[in-house]
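Below is one structure. I have some questions about it.
A, B and C are the chain letters, set down in written order, and residue numbers restart from 1 in every chain.
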Amino acid sequence: MTPAMIQLSADGRLQHFLTIEGLQRKHLIEILDTAETLSGVAERRVKKVPTLHGKTVVNLFFENSTRTRTTFELAAKRLSADVLNVNIATSSTNKGETLLDTIRNIEAMQVDMFVVRHAVSGAAEFIARHVAPHIAVLNAGDGRHAHPTQAMLDMMTIRRHKGEFANLRVAIVGDVLHSRVARSNIHALNVLGTGEVRIVGPKTLLPADAEGLGVHVYHDLAHGLRDVDVVIMLRLQRERMSGALLPSAAEYFQQYGLTEERLALAAPDAIVLHPGPINRGVEMDSAVVDGPRAVILEQVTNGIAVRMAVMSIVLGNRAHPQEDFA
Amino acid sequence: MTPAMIQLSADGRLQHFLTIEGLQRKHLIEILDTAETLSGVAERRVKKVPTLHGKTVVNLFFENSTRTRTTFELAAKRLSADVLNVNIATSSTNKGETLLDTIRNIEAMQVDMFVVRHAVSGAAEFIARHVAPHIAVLNAGDGRHAHPTQAMLDMMTIRRHKGEFANLRVAIVGDVLHSRVARSNIHALNVLGTGEVRIVGPKTLLPADAEGLGVHVYHDLAHGLRDVDVVIMLRLQRERMSGALLPSAAEYFQQYGLTEERLALAAPDAIVLHPGPINRGVEMDSAVVDGPRAVILEQVTNGIAVRMAVMSIVLGNRAHPQEDFA
Amino acid sequence: MTPAMIQLSADGRLQHFLTIEGLQRKHLIEILDTAETLSGVAERRVKKVPTLHGKTVVNLFFENSTRTRTTFELAAKRLSADVLNVNIATSSTNKGETLLDTIRNIEAMQVDMFVVRHAVSGAAEFIARHVAPHIAVLNAGDGRHAHPTQAMLDMMTIRRHKGEFANLRVAIVGDVLHSRVARSNIHALNVLGTGEVRIVGPKTLLPADAEGLGVHVYHDLAHGLRDVDVVIMLRLQRERMSGALLPSAAEYFQQYGLTEERLALAAPDAIVLHPGPINRGVEMDSAVVDGPRAVILEQVTNGIAVRMAVMSIVLGNRAHPQEDFA
């Protein structure tokens, strides 16, 4: 079974959510449509629906990320699930236990879903291959590999502003090479039939196999931005700034930082996305971050709806858990 | 708009709770009366009311305080809210994000209330000035500035024992200069029309502008305690004990520590408050802490009721959140 | 009152759960039978019952243990309680407050149950002696003394596989001397009338008063395992491995590690338990851990049911909390 296939049931329905790769347009559209429906929940007086009442969602974070953990915790609570936060960095893997033993231990508590964040690419998939059949695994970011819920919240944000993907030009700007957000976005944009996908950045920060990804490569930001409808800025990891891959944050900003002048090269109604947290003055000028074209906070809002949607879909696609216990 | 006014709506109702300063007697009485009503909840078999069901309360703690965080978490849960604990010391402000970006990010998750603790005076007010209009901000302690829920739980405790404030003499003893508890208590006692408010401590630990605060200043504890009905002891921060402001903890206790002998100078039925945690043998002798005049644990119990009251009032005073979303 | 008696009410019902010592067969059977009933909850679509709705359970962990904390948190949530996690290592005992002041402070928040984990033997009992009468205390492990819920989940696992205890031979293998799990298991097995209880390990890791515990002592693993129906392996603490008590982990495994060959000396249908986390290749060979005789993950599942049972029983045995407040 290919990495991408483990997340689909025999009849092709989503049972985990690990990567966009290998999914079909219908899977992504189902997530987006469900997220649209659920986005209304947060605007009601009572921001909860009983969908996952009596289910247990475990945030299994091997890599600390308060922000991402918070969005999944909130999504689960708005679906009325019980949430356990397990920070494994400070937990029993310290005690010499293997990853698999940790997983089997928590699954034996008869939980329903693992939300996994891990510094190693493939960790969420590894866990999905080994968990009990009643447990769904969501990938909340694995190494440089994938961050599929981030991609889907970006797609939701784009669709809300631009409608169909077929006519869109989208530029992804920055450290594409090390970015799981970029990888997942490229796959999602392609699956959704986006007109043109560009990646823009210095050679040291773009993948060597760019053509295989179905994208156009630009090293010059002005060229890369010309006439695009959507600009997805990537976060520059601090450790890169002082490393051999980049001269300095200031020099990076001079070449690849998004300013209002540069944004003027894009289509007049182009929108700007960023996964956060933003390094103001490095990836983007504050005028752009706070300007009318940025949809960065909408991304956050849509992120809750997308995560609620994915949780609802994968658990809805599963058999009654009782059938899985001996 | 003055700092004090930001917390009131156009028609003068509490929409945040940042400081006692600038509030009127009616605001404080509303909190105390609501807290009395809600104090019954914790004595029922089912210690919950549905008031905030479907609301999301975020404990945004930039300064670690398990105890204070626990009281707000419990208050919110007893009102049936969902609670997210976000410890920002270990979170994304580490990643170079500004405070305002962090706030905007979490508010974009469509939460309803921030409970803010921060080492910098004015932080909660700063946040209240910048949050989306549907979000209420509660100050859980900002620098040396204010700790208004602590003041209100002290007022509730005093009122339960002493009734009207007009005839009372109250002494606040210790490090008034650095104490947000003292500042908020002085304001609350004055707003409630307390007969006489005294501050007692060494010159190095009393504010220079004491007269402007409407209090009488005593440097001698015996004089300061004479005939008072209420003694509010302040916590002595450990870092002060070894600093230039104080000779030593033992010497401090000798001059300003509350003993049974000294307490005998106060009115025969005087009560003793302390915000906790207590340094036994520094601010107070254990015989007083454990004696019949101490109401320190009642303060804790009342603190849950006061926090439930403030949460109910500020959210009750707000428009339906739906109206605030574009 | 003896240490063991503090946990029983005047009419002999469980009001805390601190140690197996001093309990009668009927107490243990009540826990096992209740756990059997509650084990069905986790197999339902909605894994919750309203038993503790409106109650507040506080996980008071002075010793960090994500795994144990998680099992109690989950048990409480499946009973619909509100749960507060208070990690005291990072909390106010840092600020110079005494343990008793910390306890009194949290109990003043009108909580209903403390789940206590502490590195010092007797800590849970100390707390039980001093809490307000309406609060139940569960011992989640105190020093080398006791870990009674672990013992009860082991008993539940054994009873599910073997039925009556009278005809069973049980071997407890490893570092009995330093193990609170072993002590609690020995008491539980004796109270339940187990046919024969053996302890197996090197002299340096067995208690000197073994005979007084009602067990048979073996220093040779092959002899100790012969014809037993149940093998309870203990976790070897890492700090022992490099200490003076043991030559090395490899040498320990050679003498006391459980392999399939050695397990063949036991009864043909013998089961193998381990409290986790396992050091594969130290206490047990991976072939045994993953083999058909290991019931280690069932222990975890049963642990949730046992903790739900204990929580239900101790709170059910208490008067209405309202009666305890002045």
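Going forward, a contact is a pair of C-beta atoms (placed from the backbone, for glycine too) under 8 Å apart; a residue touches a chain by one contact, two chains touch by 3 or more.
Labels paired with UniProt names: A, B, C = Aspartate carbamoyltransferase.
Computed from a predicted structure; not experimentally measured.
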Exercise. How would the chain A/chain B interface be labelled, same or different, where same requires over half of its residue numbers to be shared?
Worked result: different
Problem set entry | Angular offset of chain B relative to chain C [C-alpha, multiple of 5 degrees] | 120
For this session: Give, as an integer number of Å, the spacing between the C-alpha centres of chain B and chain A.
Result: 41
Problem set entry | Where chain C touches two or more other chains at once, by residue number | none
Problem set entry | Residue ranges of chain B touching chain C (in the complex, touch as defined) | 42-48, 64, 66-67, 70-71, 73-74, 77-78, 238, 276-280, 297-298, 300-301, 303-304
Problem set entry | Residues of chain C defined as touching chain B within the complex | 53-56, 82, 84, 86-88, 90-92, 95-98, 101-102, 104-106, 108-111, 320-322, 325
